[in-house]
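Below are structures written as structure tokens.
Heads up, the next two complexes both have chain A, just with different partners, chain B and then chain C.
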Partner chain A sequence: MVLGNYKECVSARATDRSILARAQDGGIVTQLFAFALDEGIIDGAIVAGQGPEPWQPEPIVAMTKQELLDAQGTRYNICPNMALIKEATRSYGLDRVGVVGTPCQMQAVRKAQLYPVGMRYVGDKIALALGIFCMENFSYQGFEAMTEDFCNVKLESAVKMDIGKGKYSVYNSSGEVKQMPLKHTLKFVQPGCHVCLDYVANLADVSTGSVGSPDGWSTVFVRTKKGDDIWAKAMAAGCFETKPIEEVKPGLELVTKLATDKITKNQKHVDERATFGVKADGSAKALRNPYL
Partner chain B sequence: MFTVRVLQHSRNVCEHFLYSCSNRNYGKAIIVSKVVEISPTTRHEGHTKLVLKVNDDGIIERGDWLSLTPVRGIEKLAIGKSMHQVPKISSRVCGICPVAHTLAGIEAMEASICCEIPEDAYLLRVILQCANRLHSHALHNILTLPDMYLPGTDTHINPFTPEEPVRSVAKRIQKLREIGQTVGEIAGGEPIHPSNPRVGGMYKNITPRAKAKLYDLAKEASVLAREHMEFMITVLKDWENREAASVANGPEVEKNDKFGFHDQGYMAVDPLYGNSSLDVDQRWFPERWTEVRPWDWYMGEMEITMDDPDYPIGGTTPAGAKAWPQMEACTGVPLYDGVPVEVGPRARLAIFRNYDRKGAMGLQIARQMEYPDCLYSMIEAIDALDTSGSVLADEIPQGDGSLGWCANEAPRGTDVHLAKVKDGKVAWYSLLVPTTWNFPTCSRALEGAPWQLAEVIVRAYDPCVSCATHMLVVDESKKVVAQKLVQ
Partner chain C sequence: MAEVVEKPAEKPGDVKIEQKVEVTKEEKPVAEKITAGHVHLSGCTGCLVSLADNYEGLFKLLDDYVDWVYDLTLADVRHVPEMDVAFVEGSVCLNQDLAVEELRETRKKSKVVVALGGCACYGNVTRFGRGGQWNQPAHEAYVPIGDVIDVDLYIPGCAPTPQQILHVAVMAYLLLKGTDEQKELATSYLKPLMDLAKRGTEACGCDLMYDVINQSLCMGCGLCAASCPVRAIEMVYGKPQIDTSLCIKCGACYAQCPRSFLNLDVINEFEGIGELVAAAMATGGE
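Let's look at the complex of A and B:
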């Protein structure tokens, strides 16, 4: 079960042109949050806004469609969305919060709901949790080195980044595409990612990512009852055009392959950690296993 | 021979001394006092007990109401910690009015370092203060209602019954509490142990959406609170007009005329919020505060000579057991101008609103009368709040070790925190919390009442005991403390 439980899997993209114009792929997250905001399913959503440095994300609470549009696109470095989840229910005064995040952040959302230590009255206010596929993430400094030193594009002049087909690609303002092989980015991966055994955000209500669908489309897993309910409403409202996942190339096969690769590789790392440390007498010592 | 310490300003101790003499020397012919102990007292926060000397008619001649909650040691924990951390620690002393302790602690630090906070931060704190008072008063209603009767009947009110009209009252109380806690959650970050207040102001202002939500909640509560206040005052006046009453399912006894009266003064610094040594118009004076050890105040060791196994719940302490209030009490006895004073809703209303109703029910009624004021102040503060204003002072001084104090009007009365901050670290810290002030005052209010109803008087003070466990270092005599304070 490398893809987790899901009720439905489709390839989809938003029908709203203004969302598609700047979307990373199919504009799924933006469109779904915009729909949920309109319908009153959520009062606001925690998304990755613009941080103090170029291409550095910072969590913000978006309460209008315009704020969602401003936060569109993927920036390949860390955005601690969970840091705002409590504040969203406090000084922002939200009763129904939407949150988007990577698989690890979805784990944090569910953990906050199950064991609400320091999260009083937060869990029941999480109305929609959207997960995005994630192989690994980079620190801002690593991301800066990849873009500026390997791809030779100043962050200020980059207009889009993309990872796919074994390459990290940066599009600059003069229309050029600079690329580097993905295997060279490995040393910039932040260490916590090496123990992660989740590729497709198994714990989200709806999870989405580009892998498996053609360019400009996204693969969507509808996982929970809540997610199914909202997805069905959005479909009925004509927010998305979809294709069956079986009919698109490369399809679920690639998603499964990448998920299996990630889990196999990281499971190996988790296992290595069992004997990685050194005790005072020189014998092996286990480092913490996050899954025990 | 027996020894009892006599303290000049303790009238009761002197009397106790005389009683003891007469008992020993002349036997039962002149005065026969019996000792009865209610331990623990119930339906209030914390752990206390009542040691009562009663006459043949069961009338209390002298009552000692004392805290049994172990000393927290907050004041010692604070020393050497950063001024930002200490108010957070002190708020952990209790979960019912952590807001008062947070705000009093923070403002004592701000007073010591001379830090003025922006207007919007002050308004957020006022909103938080009102929210805390709303929820606390409503909670106290649940605790106090089982003593009361449905007006016109002999039926005690059980707030948990599914039957009307009590059910809708209980729901209204819970709604008021919910609103209080939600407002506290938004303005303060957490309803219990608020995270948003900090030295220098607040961490975050709220959004316009949150402001609108607060306004709606406050408006909703103000209608409910008015209805609720009227209901509560009717019930309380009904109790006051009864000839006889009982505690829960205990025996019904005749009440005395001046039930719960005392002749002590009142202490309050503000009708709603507080006062600190930064204010131009200072209304609390540290040099007028002194403290007495429980050893010098409470009764000595004695044998319990009367019991009532039917007293709810589980009976009083069996006769033959020992009680030793002066050793068991876990609070210092703070005095203002050398005498115990009353703090709380009635003190606020008496000082600032010319309220003059006395007795246990006078205090209860005053508490209900604070509901509307609390909500109107909340609405005014929400209205005045600028959600885009800064809530943090531009500069936060680190302090030179001078004394700062803040007296915050907590739901139960004046909560005074005193602090000395030097280079950002707390050098000295002291808490004078509401129920500590009320302990000796309430003990005097017990006199003259039938002992079976003593708990009704105690509950009228809305005791919240866990923060009231405040001790002096034994070596410190009254004089030394006073000298330190005026430095």
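Let's look at the complex of A and C:
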């Protein structure tokens, strides 16, 4: 299950110039949601809007293409999108909800559907769940420290961040790129990420991320019947330019490698938690394992 | 001048009904139903309403899968009968002999006891009862049913959702009457809810602190905040902040959290299970 179940994997980018202009990579999420909004497949989508602090995301329900465009781009700190999943069907009145999220948030989507403990008539209204690749996430304060203390860029003057090729990069408003080695960011990773066993959002309808594809393109996994149906419609409508994943560099090999690395490292962490403490008789005392 | 009608219209009793009542016989009588019932203790009937809120799903359930053998609100049966699955709503008042006796009897006569809803699982709002209320001022000790009998499975939440109740009912049916493969799936599905029953009879928004954040497991998805029926949880800097003065102790947030339990063998099959439940609930056959 390193890459999860999928029906199709391609390298893709949006054809809409206004979306590509400010896209993190291939503009897949924005383009797919914009298409789904147009077609009435979704009535709105839960995306990362702007929070009270600079570069702090806050979940919002986007109901127009402009709102989707305003929410574009990656901000490397926590955006609790699932907090709006019920509200989207209530005060926003959506019958068909789109939601984008990290692999753990896709797990939350599926748990909400399979074990709807507090999700009265919510699960059946989740019409499109888009997952994004994720190695780990940072608390706002950790992200602030990385950007301001390590990269010496005030958050207010940053224009883009990305993670790739072993570095955390910050682009500032005067066009400079400031970088720090990814290994120095480890101490700022939110602890809950260390038990995560999913890199490519195995449980999404469609998942996407930059890894595996050339700059400006994204790797896309089409996973579920629902995802397949919507992806096919979007392709037929000319929303995306695609290349077979086998023909691009670095391709699935790198995705597989990073996914395997993440899962191996974190499985080890999960295992270590089982013998974290010591009982009176000298045997191991465990921390809680969420997968049991 | 209007014509005077001298003869009154015929009395309804004189009207002959020509229409034949067609006696329909079930073509495929489902012999393999499980028996289940609703035991009503100190709850508000909201859990039962939630079951009914499955609408046509409830009819399908009763038509094909479950004989509803006991339910003070819906069925004319005055005494707890033998049943496969008892859904118990409400906490139990220790000061009311009848309630305690009904609960003991339920345990003795049921194969599986399900605590239906926050009150039965954790006490929920009845945890705040201290007696002195009209018209039973001496009724002051309300405890989750797990403090009095062994409980097999929890469905937390206030109210528990129609969908969660339906999932448990379908899975209970598969567990008792399904193929080996279905039994295995149902067992995996129900296990975490059975583990919740073993975990204890206390719940609070604080569980998110004690058993998720303090255990280094929270990743800030926000699902707890969405699941709270009283909006006691706000996400602050990506983590839940709980207003414990609002919390009613229903247990929904912790049970809903993907880091309380996430049985990957079940979750990975989400698409198939969704289709299975949909097919089971589809009218006109399986």
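For this structure, a couple of remarks:
Assume the second predicted complex is superposed on the first by the 286 of 292 C-alpha atoms of A that agree within 3 Å, B and C clash if a C-alpha of one lies under 4 Å from a C-alpha of the other, contacts with A are read in each partner's own complex, and residues count from 1 in each chain.
We take it that a contact is a pair of C-beta atoms (placed from the backbone, for glycine too) under 8 Å apart; a residue touches a chain by one contact, two chains touch by 3 or more.
A quick note: this is a predicted structure, and the numbers were derived from the prediction, not measured.
After overlaying the two complexes on the shared chain, residue contacts for A:27 are found with neither chain B nor chain C. When the shared chain is aligned, no partner comes close enough to touch A:209: not chain B, not chain C.
When both complexes are overlaid on chain A, the residue A:43 reaches chain B alone and has no touch with chain C. With both complexes placed on chain A, chain A has more residues touched by C than by the other of chain B and chain C.
Shared-chain residue A:120: touches chain B and chain C both. By the document's definition of touching, of the two partners only chain B reaches A:63; chain C does not. In the superposed pair of complexes, A:87 makes contact with chain B and with chain C alike. Counting contacts by the rule stated earlier, residues 87, 120-121 of chain A appear in both its interface with chain B and its interface with chain C.
Chain C meets chain A in the complex at residues 50, 53, 155-157, 159-164, 167, 189, 192-193, 211, 215-223, 225-229, 235, 237-239, 251-253, 255-256, 258-264, 266-268, 270-271, 273-274. Looking at the complex, you find that chain A touches chain B at residues 43-44, 63, 87, 89-94, 120-121. Every residue of chain A that touches chain C in the complex is listed here, in rising order: 1, 5, 59, 77-87, 101-102, 104-105, 107-108, 110-124, 137, 139-141, 190-197, 202-203, 224-225, 287-288, 290-292. On chain B, the positions that touch chain A within their shared complex are 185-187, 189-192, 196, 204-207, 209-214.
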